[in-house]
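Structures for review follow.
In the two complexes below, subunit A is the common chain; its partner is subunit B in one and subunit C in the other.
Now for the complex of A and B:
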């Protein structure tokens, strides 16, 4: 069930009414039933995977928790008898057993993801390396598997690290894994953060309802008015790379950036807004990423929960792993403190970014995309001292105008890296990007050629209006909550804004016959 | 009270403003696809019609309701629209029965050739004009092609929203436009002789599809349960083809169910239709002259077989039909003038 389908709107409305009509004790159960109904729309095949993943992490969580509970019981019961060393030993034993359960669960759920998502990729690469002719089995990717797998892995790891206690009610854990708003494209939530509001009872709050509804509307606006209109133009540019080179690649970089942003953030707004209507607080996933002044800041503002997930569950564990400790001490002794201490950090970064790339898709373009992001971040970190000197020497570099230049620079750098996602072919992407530097077709930006890419003048007007609204809202958000700002205004103004939003979505939205039904881009990850 | 008002008032304002928006963006069928107005026009003349015609362009172009009145005092209405499928006709009849119960229902059997939803555009012409009712919803459910959504028939703004960029002055006229039809009859006075009518290609299978039979049964049952005489007719259009194999199936059905079936193609001499003079598009549809000839003949048939009242002597009804007659003659004069001035009939009035 797509967020932008009529059936989703009806589903949300019915669930919402029932949620506040039924006894509060049953609210979480209703959300579970709703989530399962939502997921069942993807078919039984997908349903089986989510059940298996939830069952595995539930069992692992319980087993891990049992070890810790037994340990705590043993130590507290024998506080006087055990020496510190004995207590340490008991803790180590419990940790080792817990680690076995964690490893088994991670191997299972990540194994499922790996087999489903990466079998073809691996076999194709093996074929091209050794010249074999293995025929890869193409699995259908179950809806949202990358997201709920990561969420489940995070849960098991958090229980193992004792950041959270294991959930003993399997249905409640199932709800955490399958909570429908965030199931298809995130945000990737942590059990400790989400379960508080997800599993508690909620009474109807008009302000919360209004805020949730407004957020959902905002998501629909971005998705339907901007993203699904721009996708027509973006597709035209991608499908005929030979015809659309040079200046057209610049157009692609620009419009794909806007399309992806409005598509992904639109979906996340719908997810967060829908959850908010039920009183559930879901983590924010974006913080105006196109206002970033460098790549590292961009990644702190874009897909925040994924970045945080990789930081907490890949970067830190790899950094403190024994292998990395060995590399660290060896590199320090070989290259000295200054360079030696950077090598393990950069190696870990490369691992994390390669993993981030491959998580997005089983293809080399995603791996290269991840590594290029890593390269830009490392280079800018290395350049930090030079930047510092530059800022000290040239006062204009501390002005708002220079900030703006940095924002523009970051937008284009990230944009050019992002086109790897468009062409999905590494050599082709590099050829297309190279064509920008030898382009002689800049006149296409002004001579009406833009109108031959599938969008009419009216479509461009709608996109421009959408972008103006998005930029204005982002600027306001930098100062504080736009919804709080709106809530403080007179009723007539509040209702007028909501009316305008609704009318814009209905009238300007690119949906229905004549427009393709476009999935959210992040659904496919 | 104040609290309720605070909830009701914004809801009312929201609903009414979106209703106005919807009225603006839905097509008005003034400059193009004018037949899109036919279904909605019925509600202005609903009630008091003793004969109800159902079918596609072969009905609304070929039977002149006003001529039936003038000759026999028969009050009739044509619920027709372009490529109207049999289930469109069924649900239009069901809808009409909410307003009146005619004595005779005449259904043109050409629609039997379609057993599946065909085209969204024609669905729109047949359904959008219906007032909201269970019949309308069921008609939409049965007619929708894969790409269509039921909700767009309830809220057409969701279908036509993208017209915002092509709105013109006529779209702002949300309170209706001048009537196009004469109780469902669409007049054309121009002539294009039927010459070189193409030979119809043989078909692999001449059987009508199950769904077409199902709705023919339903229509017959609906008529019986409402005490209405059900008549099947094949309008005298010579193109598209009406195959003898199709005709045989309908004859057998009519005989088996005791229903009157008239294939007017077999009565060319009796009707007096001259396909060189009485058609405006080479035999597909009759022009005014052809429609009047057919109506004079068919009206006599109806009078002969059914107990239809002659309302010409009922002052109240006659007054209404006098106005219809006046509009009919006015349009005829206007079309003849357009034809004279422009050499072609490029508009109805």
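Now for the complex of A and C:
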């Protein structure tokens, strides 16, 4: 069930009314039923996968917790009898057993993800390397599998690290894994953070209802007024790369950035807003990424929960692994503290970014995309002392105007890397980007050629209006909550803003024939 | 604890590690420091700091780090 459909609006309305009508202690159960109904729309094939993943991490969580509970019981019952060494031994044994259950569960759920998502990619690569003719079997990707698998892996690891206790009610864990607003494109939540509001009882709060509704509306606005309109232009530019080179590539970089931003953040706004309507607090996933002054900051502001997931569950585990610790000690003793300490961090960063790339899609363009991001971050990191000297020497570099230049620079660097996602072909992308530097067709930006890409003048006006609203809201958000600001205004103004938003979605929304709104870009990951 | 503070001071001689309680929150120590520190602490105090231990609460002050090391020494 797509967020952008009449059935989702009806589903949300029915669930919402029932949620506050039924006894409070059944609220989480209703959310589970709702989530399963939402997911069942994707078909039985998808349904089986989510059930298996939830069952695996549920069992692993219980088994891991049992080891720790038995350990604590044994030690506390025999506190006087056991020496410190004996206590250490008991703890080590419990940890070792817990590790086995964790490893088995991770191997299973990540194995499922790997087989489903990467089989054809691996076979294609094997075929091209050894010249074989294996059939690259392509599995249908179950809805949201990348997201709920990561969320489930995080849960199992957190129980293993004793950051959270295992959930003993399988239905409650199933709700955590399948909670419908965040199932298809995130945010990727942690059990310890989400379970508090997800599983507790909520009474109807008018302010919370209004805030949730406003956030959903805002998501619809971004998606329908901006993203689904720009997709027409972006597709035109991608589908005929030979015709659209040079200046057109610059246009693609610019408009794809806006399309992806409004599409992805729009979907996340709907997810967070829908959850908020039920009193559930879901982690934020964006913090005005296009205001970033460098790549590292951009990645702290864009898809925040994915970045945090990779940091906690890949970067640090790889960094503190015995192999990397040996590399760390060796590199520091060989190259000195200053250079040596960089080696393990950069090596791990390469692993993390390659993994981030391949998580986005089973194709080389995503791997290259990840590694290019890594390269830009490492180069920025290495340039840091030079930047510092530059800022000390030239006072103008500490002005707001210079900040703005940095923001523009970061926007374009990240944008040019991002077009790898558009062409989905590494050599073609490099050729297209290279064509910008030899371009002689800059006149297309002004001579009306833009209107031959599928959008009319009215469409461009709608996109421009949408962008002005998005930038204005983002600027206000830098100072605080826009909804709180609105809530403090007179009732007439508040309602006018909401009705205006609703009218904009209805009048300016880019609806296809029969209301076939485009799938969210991140749904395919 | 003194040994630990000395290790931290080698990384950032200008920081008062006895009183600072926002090493992570204020960005005083970064990923490079954390990874180097974990390797040094593991070796020096014969502990095994896991990825799950790398949370701001454990790395925000020298005192918190020392408590982590002491806890791990008993495990």
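As a working rule, the second predicted complex is superposed on the first by the 521 of 525 C-alpha atoms of A that agree within 3 Å, B and C clash if a C-alpha of one lies under 4 Å from a C-alpha of the other, contacts with A are read in each partner's own complex, and residues count from 1 in each chain.
Criterion: contacts are C-beta pairs under 8 Å (C-beta built on N, C-alpha and C of every residue); 3 or more make two chains touch, one makes a residue touch a chain.
Computed from a prediction, not measured in an experiment: that's the story for all the values here.
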- Message: After the alignment on subunit A, I want to confirm one thing: do subunit B and subunit C clash, or do they fit together?
- Response: fit
- Message: Is A:499 touching anything from subunit B or subunit C once the two structures are fitted on A? First, second, both or neither.
- Response: first
- Message: Is A:125 touching anything from subunit B or subunit C once the two structures are fitted on A? First, second, both or neither.
- Response: neither
- Who does A:472 touch here: subunit B (first), subunit C (second), both, or neither? neither
- Task: Please work out whether A:84 is in contact with subunit B alone, subunit C alone, both, or neither, and reply first, second, both or neither.
- Result: second
- Note on the structure: Winner on subunit A touched-residue count between subunit B and subunit C: chain C
- Message: Looking at A:157, would you say it contacts subunit B, subunit C, both, or neither? Reply first, second, both or neither.
- Response: second
- Is A:508 contacted by the first partner subunit B, the second partner subunit C, both or neither? first
- Item | Minimal inter-chain CA distance - subunit C and subunit B, angstrom | 45
- subunit B residues touching subunit A - in the complex, by the definition given at the top: 10, 13-14, 17-18, 21, 25, 120, 147-149, 151-152, 157-159, 161-162, 164-166
- Note on the structure: The subunit A residues in contact with subunit B across the complex are 6, 456, 458-459, 461, 495, 499, 502-503, 506-515
- So in the complex, which bits of subunit C are touching subunit A? 10, 31-36, 38-39, 42-43, 49-55, 74-75
- Please name which positions on subunit A make contact with subunit C in the complex. 84, 87-88, 91-92, 157-158, 160-163, 312-313, 315-317, 319-320, 324-325, 328-329, 332, 337, 341-342, 344-345, 348
